[in-house]
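Dropping a structure here in structure tokens format, bear with me for questions.
In order of appearance the chains are A, B, C and D, and numbering begins at 1 in each one.
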């Protein structure tokens, strides 16, 4: 399937469903090492994105769709994750430019730009137990897949799988950024909620591309 | 979960609406997007003060909007930072031509959202400065963490910077005095029982019947350590010592002391804590010049209390004593 | 039971001591026997106002001692009326030669203990009058019961009678305006969760996770009926209707409305209740001229709220608005 | 045993022990239909009475002892029960006059005066579910025993037993006075705490007279 504006729409709608379905899980994770709102924040934001897509005119490029989503997340999610995901999608949109569809290399560049945007805003490094620990392996896996000649959908699937593994790998880490860092050593033994939501969102991207991963 | 609410998703809107009805002589409530401004905003020639953050900490921040304190408050969802599209119009609404100071509590979410709003406001030609309140000594301050949280000290920053703005100080001076308060204020809190975020429906953390959480945050984040229940004097000592240590308080120092209730503890208990805190400070030769005892920055119905101590200088006292007229703090008018 | 206390038997003394330290500019605390008087008591030529009752209802009554309100407060043990040997010296301490008014909440214990104290004071040559606050519509008023309890209306009586005394009204006039407030004020409350009396160590009553108690008293006495949990608008309607019915409120009436927190409910919830109460009154053509939203008469950390409505006349409004300077109510100064 | 000043002292000390031992029971009873303080109030008051007796000079008459106790209860118990028991003991003392010891008829008069004092202050009638429902049967039983020629101690024992039965008989009543009256019908099915404390106090009087009843 071509990664065009239709795919981008489908991505966000699939992500919205995934976030809604996993709302309580994300709340529980955030309850353990944060303030128990990540599921609610993400659900509120993605529901608003879907409403915006439903209301708006059909977009011509995936970048347009992602930009709309970015602005909507920025203005509805709040918390730490709102500006971070907003920036990520904004940078992703910018990276895609006005291409009608994204080729494998463009997918890698898009994911990389998103990740860099999050780092630029949040200053987290790998191993800080944040969503970056899902994004960075995702970017790396996507690059590997693309250079091995995978199709765009398969590149997304590789990213999604790596993000999921990255999220699981946050379990033993001690948080050094975000609200979980206040817990110090007590943050170890819990999975980072933002890393889990990142894995959900990237899985939605692959699924929308017909590659459930 | 039993709460005096209707729809969990409507809690903030309905509550702020009720607040606006109850304090119509002090504030105007804008609902889409949601923010609260001082009735007479913008005050021409006066520096505008904007603060905000997750809801659930009432009276913070809307309760401090009014003469001698904030010009605008921006309430986010419960325990969730507000978004730039709320902060931006609040900022422009209180710009009286002398610029605007953002008073931001040091949480990643608040920092990022205020940062974006400040950029957008600057793009619209509003001069914006920011200060970051980070007074919670429970949190280790390190280059490699998110740093200390902003808690009770926020009330003092809003009040003293608000007084400076009210007397006509310019943006640089208001920012400087706000920063001076931040540099001299420290807090620490303890929870006896957790609160429940309406949209979550379950308590933010679990505590056994004989446990308390020392170093609790105002978002129901678990604190730094959990200990067996102690008496009020013991808990007060545990909260005060890291503060006096960090501020290096000693003989001759004068302080503003707040014993703050987290929302679910009775006033009578706060006065028992106050009594001990004053005694402990006295032992060190420290004088409590001014004080507040009550629910000033809460975490919904959490049971517990926090201590906030500000090392005072003469100017801070003058500013503190000047008239203030808000829903939650009022004197001299 | 987890509380910020030391010894359950020392709760009241330590708390009032802390209160005295925190508000030294307003009050003097006498400890043996325990009572709190206005700093400048006795005010010569002014009628003295004394109230009191069981502790655990803070800020009632000590929080209302000061200019424009009470001259003395007499705190009993938690939820237990004070004794005559506390009430008597409080009465003589605030007698400025113009006599003293006892503001008594209608509980058998309060009535009997104030009665005895009034007799003893009269024997010492102090002219004492008493008014009995009995505003709780949850209680059936009948010749064959103890009658209605005094609850939230007490705050209004203390404030308005206090204002009358402050402007120089004589004992008869102060008594008359106090009685006029009593005749026109009604209250009703609901509890979502009980409180625990420190010396009892267990909650005052049990409520299932889906039950609330309608018509709750401020001593943790069970209310008149128990219903399944409802939303805030529903509960507000249940509390307001018996009040408006009893006061026969209708189009053109002006009221003072208090949404009072029982101690453990967050301020945000009280404003949600306020929003609905204002809407319901508006539907009847009733105008909310003045209001209070907050913890003004509590039952330790009980979760819940009460509504109090006073049908106003012009004089009451003037008295309400006049300066008041107490720990818990302050304006105009 | 003669009902002299020593007996009166012993009565109050025994009552103090009984109240302390039954503190939690009285709290529980008051928790059900009142405000959960009756045990604490009575315990505080009687402990103060004992302290006062310990500190004071030995009294010559039972009336003197009872008067001291009355004043102490009045100034330490608070609540409804403080003034009521205070008045009761004050009237009892007055009724005893300056007799060195109480004869059977004087015991009846003393109990009757105490009961009347409570009624004068509290305006309760029989069946209102108050301490009066223990006092009135006690007075009646005492009168019956005395006219049948019982000794003073036996008169007290009769009173104590009747008070106990009276307390039990408050179970089905609907309260019409005191805090329990706010409950209306819901007060039925619970025992009145003041009636129970009255039974304890009268049992202490009999026990002090060597007639545990």
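The working rule: a contact is a pair of C-beta atoms (placed from the backbone, for glycine too) under 8 Å apart; a residue touches a chain by one contact, two chains touch by 3 or more.
Predicted, not measured: the structure shown is a model, and the values here were computed from it.
Enquirer: Going by average Cα coordinates, which chain is farthest removed from chain C?
Expert: The chain lying farthest from chain C is A.
Enquirer: In angstrom, rounded to a whole number, how far apart do the mean CA points of chain A and chain C lie?
Expert: 55
Enquirer: Cα centroid separation between chain A and chain B, in whole Å?
Expert: Taking the mean C-alpha position of each chain, the two centres sit 32 Å apart.
Enquirer: Compute the distance, rounded to whole Å, between the mean C-alpha positions of chain A and chain D.
Expert: Once rounded, the distance between the two centres reads 75 Å.
Enquirer: Note the residues in chain A that touch 2 or more other chains, in rising order.
Expert: Within chain A, no residue touches at least two other chains.
Enquirer: Give me the residues of chain B that touch two or more other chains.
Expert: Answer for chain B, listing residues that touch two or more other chains: there are none.
Enquirer: Could you draw the chains as nodes, link the ones that touch, and say if you get a line, ring, star, complete or other?
Expert: Shape of the chain contacts: a line, open at both ends.
Enquirer: Flag every residue of chain D that touches chain C in the complex, lowest number first.
Expert: 27, 31, 33-37, 40-41, 44, 74-84, 121-122, 176-179, 181-184, 186
Enquirer: How about chain C: which of its residues touch chain B in the complex?
Expert: Result: residues 2-7, 11-12, 14-19, 21-22, 55-56, 58-59, 63, 192-193, 195, 209-210, 212, 229, 231-233, 235, 263-275, 278, 291, 293, 295, 298, 300-301, 303-305, 330-333 of chain C touch chain B.
Enquirer: In the complex, go through chain C and note every residue touching chain D.
Expert: 33, 54, 76-85, 107-109, 112-113, 115-116, 138-140, 144-146, 149, 197, 199-200, 202, 204-205, 217, 219-222, 224
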